[in-house]
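Down below are the structures I want you to see.
Each of the next two complexes has subunit A plus one other chain: subunit B in the first, subunit C in the second.
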Partner chain A sequence: MTSSGEPAVLSGETAQPAAAGVGAGNGAGGGIAQDLIELDHGTGGGMSRELISELIAPRLGSVHHGRMEDSAVLGIETARIAITTDSFVIDPIFFGGGDIGKLAVCGTVNDLAVSGAVPRFLTLALVLEEGFPIVDLARVLDSVREAAEQAEVSIVAGDTKVVRDGEIDKIFINTAGVGELAPEVELGMARVSEGDAVIVTSYLGNHSIHILSLREGLGFEERIASDCAPLAGLVQAMLDEHPDHVHCIRDITRGGFGTVLNEVADDVGVSIQIAKDRLPIQHETAMAADMLGVDPLYLANEGCLCLFVDGDAAPEILEAVRSHPYGSAAEIVGAVHGRAESPVKMQNGDGTDSVVEVLYGAELPRLC
Partner chain B sequence: MTSSGEPAVLSGETAQPAAAGVGAGNGAGGGIAQDLIELDHGTGGGMSRELISELIAPRLGSVHHGRMEDSAVLGIETARIAITTDSFVIDPIFFGGGDIGKLAVCGTVNDLAVSGAVPRFLTLALVLEEGFPIVDLARVLDSVREAAEQAEVSIVAGDTKVVRDGEIDKIFINTAGVGELAPEVELGMARVSEGDAVIVTSYLGNHSIHILSLREGLGFEERIASDCAPLAGLVQAMLDEHPDHVHCIRDITRGGFGTVLNEVADDVGVSIQIAKDRLPIQHETAMAADMLGVDPLYLANEGCLCLFVDGDAAPEILEAVRSHPYGSAAEIVGAVHGRAESPVKMQNGDGTDSVVEVLYGAELPRLC
Partner chain C sequence: MSRCAILLNDLQYDLVNKNEERKAAVDAFMPGMTAFLARARELDALVVHLQLINDENDPHAERYDGWLPATKGSEGARILAELLDPSDPVVEKNKDSGFFETDLHDKLQELDVDTVAIAGMQTQICVQTTAADAFFRGYNVIIPSDAVVSAQPEDKERALEWLRSYCATILSSEELLAAIAADNLPEFSVVPIP
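Let's look at the complex of A and B:
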């Protein structure tokens, strides 16, 4: 709506841990009177203000700077910034390894991180369905706070809309992010070339398999959690140690590894060969994918990167990645070659190759 | 998803005007084959990519920088930035004076403008319902482009999600914005004080009345258009001419003028008196509000500001505002006084005063 000038941390209200006390008058010590979101929480009057000041701002705690619904004024220390946005419409909203709140922070932080930027500021826009339980909103906000703390980003501006029962499914979240880029950082597809090695930083497909299994009640959700994680620390550690040898980083999300490889090969005008037996895929993930009729190459992750790095430096970079908690399963899985008839090929390990196609749409699992 | 390094304008594809030819194979000269949005447009594969490269990017034309779905790397010329976000869930999505696309640009541009920032970059996140007509999407994107051109902002990052039929109402848009702030600009409630004059820059309530009348088919929608407009030019013109005398600017949106006044009086610890007969309200708006049982003081605008300015400089600032196309109906409507029992009072013109209350929720018209 408007600006209050300099951002001010909303003071005095320490975030409470998500506990059973939330809801039913929203726990002891103030909070809001309702148990469910009402349309009037979105009309911009006293109830809107109360929702923000009594629930949203306190739950976000120290990661919240500025006034929600306002434009925040912030200092910036570099002459280059990275900007990104992502909407999160996942179903179910709570899952093993995270929820829509954690996802909304990690997804946008990771989009910034792969550009080489240090994520600094996030906006948080909530669209809530009338009747959404306040206790669930509190839980999502706690996850936003925890993920933002871990990623060291501040939530600087927000917006809350309420739509009629049935107009959305529970809650949608949009986050946009701004990061600071050091002058010397230049990552991008333009730097990918023949001789680069391809590294995958984590197990492929775990986020998709967890969500799909949870929806279908297949039982794999107990064994395979979502890999949802903020990866800016991993990226910055790599860039610190290997400033010149990391050429391009892609976040493996919707579309999966197969789509990333095809996009890069197509845009750069090269071909990429990967080896099937080098791909980090967990046994349960492969089993579940088989049962669901999906290919792990096209499954989404939320905490897995694809790196294009200098071929000679690749073993050293692999070690650096593996020393980070979110990179322990990393593998060198392929290499970049000159332009070829099939942009992306996979060696199957039995002497045969197969083409990793661009999937058009219908064959890809839908997570939202 | 990831960054391609420096932003690159998608080249060569000039935006077409919204014409009957869109849809049905999306008009001549390429485009996408479908007439309706399908779930597969959101899975991150070839169909997603095609939607972006064949429809979204070309329609955005020259205002589109960077790769949609990516984090864009951008140069910034100041050490202070303003950041904001807003989700747009309006029903109906097309209306007189604009549509959800224009609104999504103007709303966020105005949030930046009132902080004193020069709006520079927007993100554009679309959530589309399966079955949404491509021709409508093209029309919305054309409005985004036109509004962004007028506001001189670039769309630098985007995201497109598709949800099942019935999971949202047609289309939701989130925009986040980044603006540059000159070092000397300091606007905010902290600068509001006794003796300030209150200026309203346009007719109150027209956006709400248009939308409510359109929904109910009352006929006023023919005579009262939405005032949706980008106001950064108006704000910068004022700041150029009166750098020290403009103290605080608020965008009169959800909650209306009455809510803005109460928020400022409450936060600053002052009282505000307005004169009913000075309020710029069009006759038809007053009639429609009466018929709908709503008070124009609490109706939303999308192109109207509330200014708190130095009392002595107010007449001169009023002239400056009126000389701008979006400020021609501006009026000095009140003044800031010391703390009083009722934070906001209105002189009714018949010797009586009434209190302008904080409305809690239910009494406020719901636009989304």
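Let's look at the complex of A and C:
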């Protein structure tokens, strides 16, 4: 549906109007005869259409709107939109707290949300490896549907490609998203200024530690789940209550909190000071990070925001964030100051300061 | 009465022969290790071998110059003969922690084990992760410091410090045997988890 409630005319190669439902067939859905993805599922012929109409569209259910057209034509009721795109290549594709399908929705929804936009439309492009189990594809699609329902976005266009065995690892997903911006919403780094408080909305590092632990069997995977979550609801609730006092929101994904702080300080020409003992870091995450020799400040998250807010209003905003299920671990962790020699510094528990450096090239691969 | 199980990690031909540093480190601790295990068995401690079996399809399995060590059924995957008693259970694992997707926890529970002493190779990987996993599952964890081995001594020291800080009591193997004999195993002082 469009924002005005009109049916969207949906998309290209994967779009097919279909009733929501789950078929029997191979146990995955619809009348797909095969158990594994074959190259012909991506050729645009009969098997492609069958995959779309018998599996993909039914699994996406009510969040999926469209026809077999080349593009989606959508109505919007705003003068400004936010648009973004992201690709998801995580390994492993299933993890505690989500999977690549949920991640592909949440990642793009969150990028829209932090601009202040209300996410409305997503595209969904699947690149599948020949031999990928259809039952796994069905599971991923179920997660896409559930996350889209929670984020209140419609999937309005899509694409499916199949590549030969070994050319990718199982499944890669690209989503693009469009959100509507209300006239009064104006968020961005340009609004960050001296006196702002810095709020982190969730535990730092859990997503990265969970994924690394799953890959290697490190023993932390059952104690630390991924934080993958759609955060548009949290952002909108905060903006509704404090429209003037929230200045900038950043999604703390790859590069982590340390990278966000350095980007903002560099862009705005300010310094930022944070307190180590205020950082929301789960005990087990600190254990794992210490073992692995990595710093939670630089670990990727998938459900954690950094807010720059008016310093005086920060306690009230913190309460608003904490009242949301995805913000219960939020903390005020620092403040923005005038320009200084070291753009980002951290007060340690022993009274000393350390510089939060810019991260160069130490990014761990395939965490999102 | 406490029941203690000694969990031995990765003491397998392919793995101990990976490089000269490892061979030397394992050679140095083998005499003490065999004596420790023999005495532990006499004291009715359970000796469990955690046997790493690498899966050809696992892209994360460590390869040595392009070949995959310790594959199922291979000679190199076998537990070192000097350390294996016919009565010892062997638990196959595919990852670092001995608990990851194995039935180790169920087996230990069936045998009323409440304390695990984690030994073997390497201290900073499989010993450390198995210890953390055991701690999270509620076991009292002990590390016999002279029954764990790393190719690099500094890795072992750093790992022991981490274990001491977060989840395990560090003893010598002699102290551990004495504690088992006296049924007086020390309890790790749990770090409160917020």
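Quick note on the criterion: the second predicted complex is superposed on the first by the 332 of 368 C-alpha atoms of A that agree within 3 Å, B and C clash if a C-alpha of one lies under 4 Å from a C-alpha of the other, contacts with A are read in each partner's own complex, and residues count from 1 in each chain.
Here is the rule we use: a contact is a pair of C-beta atoms (placed from the backbone, for glycine too) under 8 Å apart; a residue touches a chain by one contact, two chains touch by 3 or more.
Quick caveat: nothing in here was measured; it's all calculated off a predicted structure.
Within the superposed three-chain model, A:181 lies in touch with subunit B and out of touch with subunit C [touch as defined at top]. By the touch criterion defined above, A:169 reaches both subunit B and subunit C. Within the superposed three-chain model, A:79 lies in touch with subunit B and out of touch with subunit C [touch as defined at top]. Between subunit B and subunit C, it is B that contacts the larger number of residues in subunit A. Contacts of A:283 after superposition: subunit C is touched, whereas subunit B is not reached.
After overlaying the two complexes on the shared chain, residue contacts for A:218 are found with subunit C alone; subunit B is out of touch.
In the overlay built on the shared chain, the residue A:147 is in contact with neither subunit B nor subunit C. Contacts of A:314 after superposition on the shared chain: neither subunit B nor subunit C is touched.
Common to the subunit B and subunit C interfaces on subunit A are residues 169. Subunit B contributes residues 1-6, 38-49, 70-87, 89, 111-112, 114-117, 121, 123-127, 156-159, 161-163, 166-169, 172, 174, 176-179, 181, 186-191, 248-251, 253-256, 259-260, 263, 267, 298, 300, 358-366, 368 to its touches with subunit A in the complex. Chain contact summary for the complex, subunit A toward subunit C: residues 91, 169, 215-223, 282-284, 287-288, 290-291. Residues of subunit C that touch subunit A in their complex: 59-60, 93-97, 99-101, 128-130, 132-134, 136, 162, 165-167, 191, 193-194.
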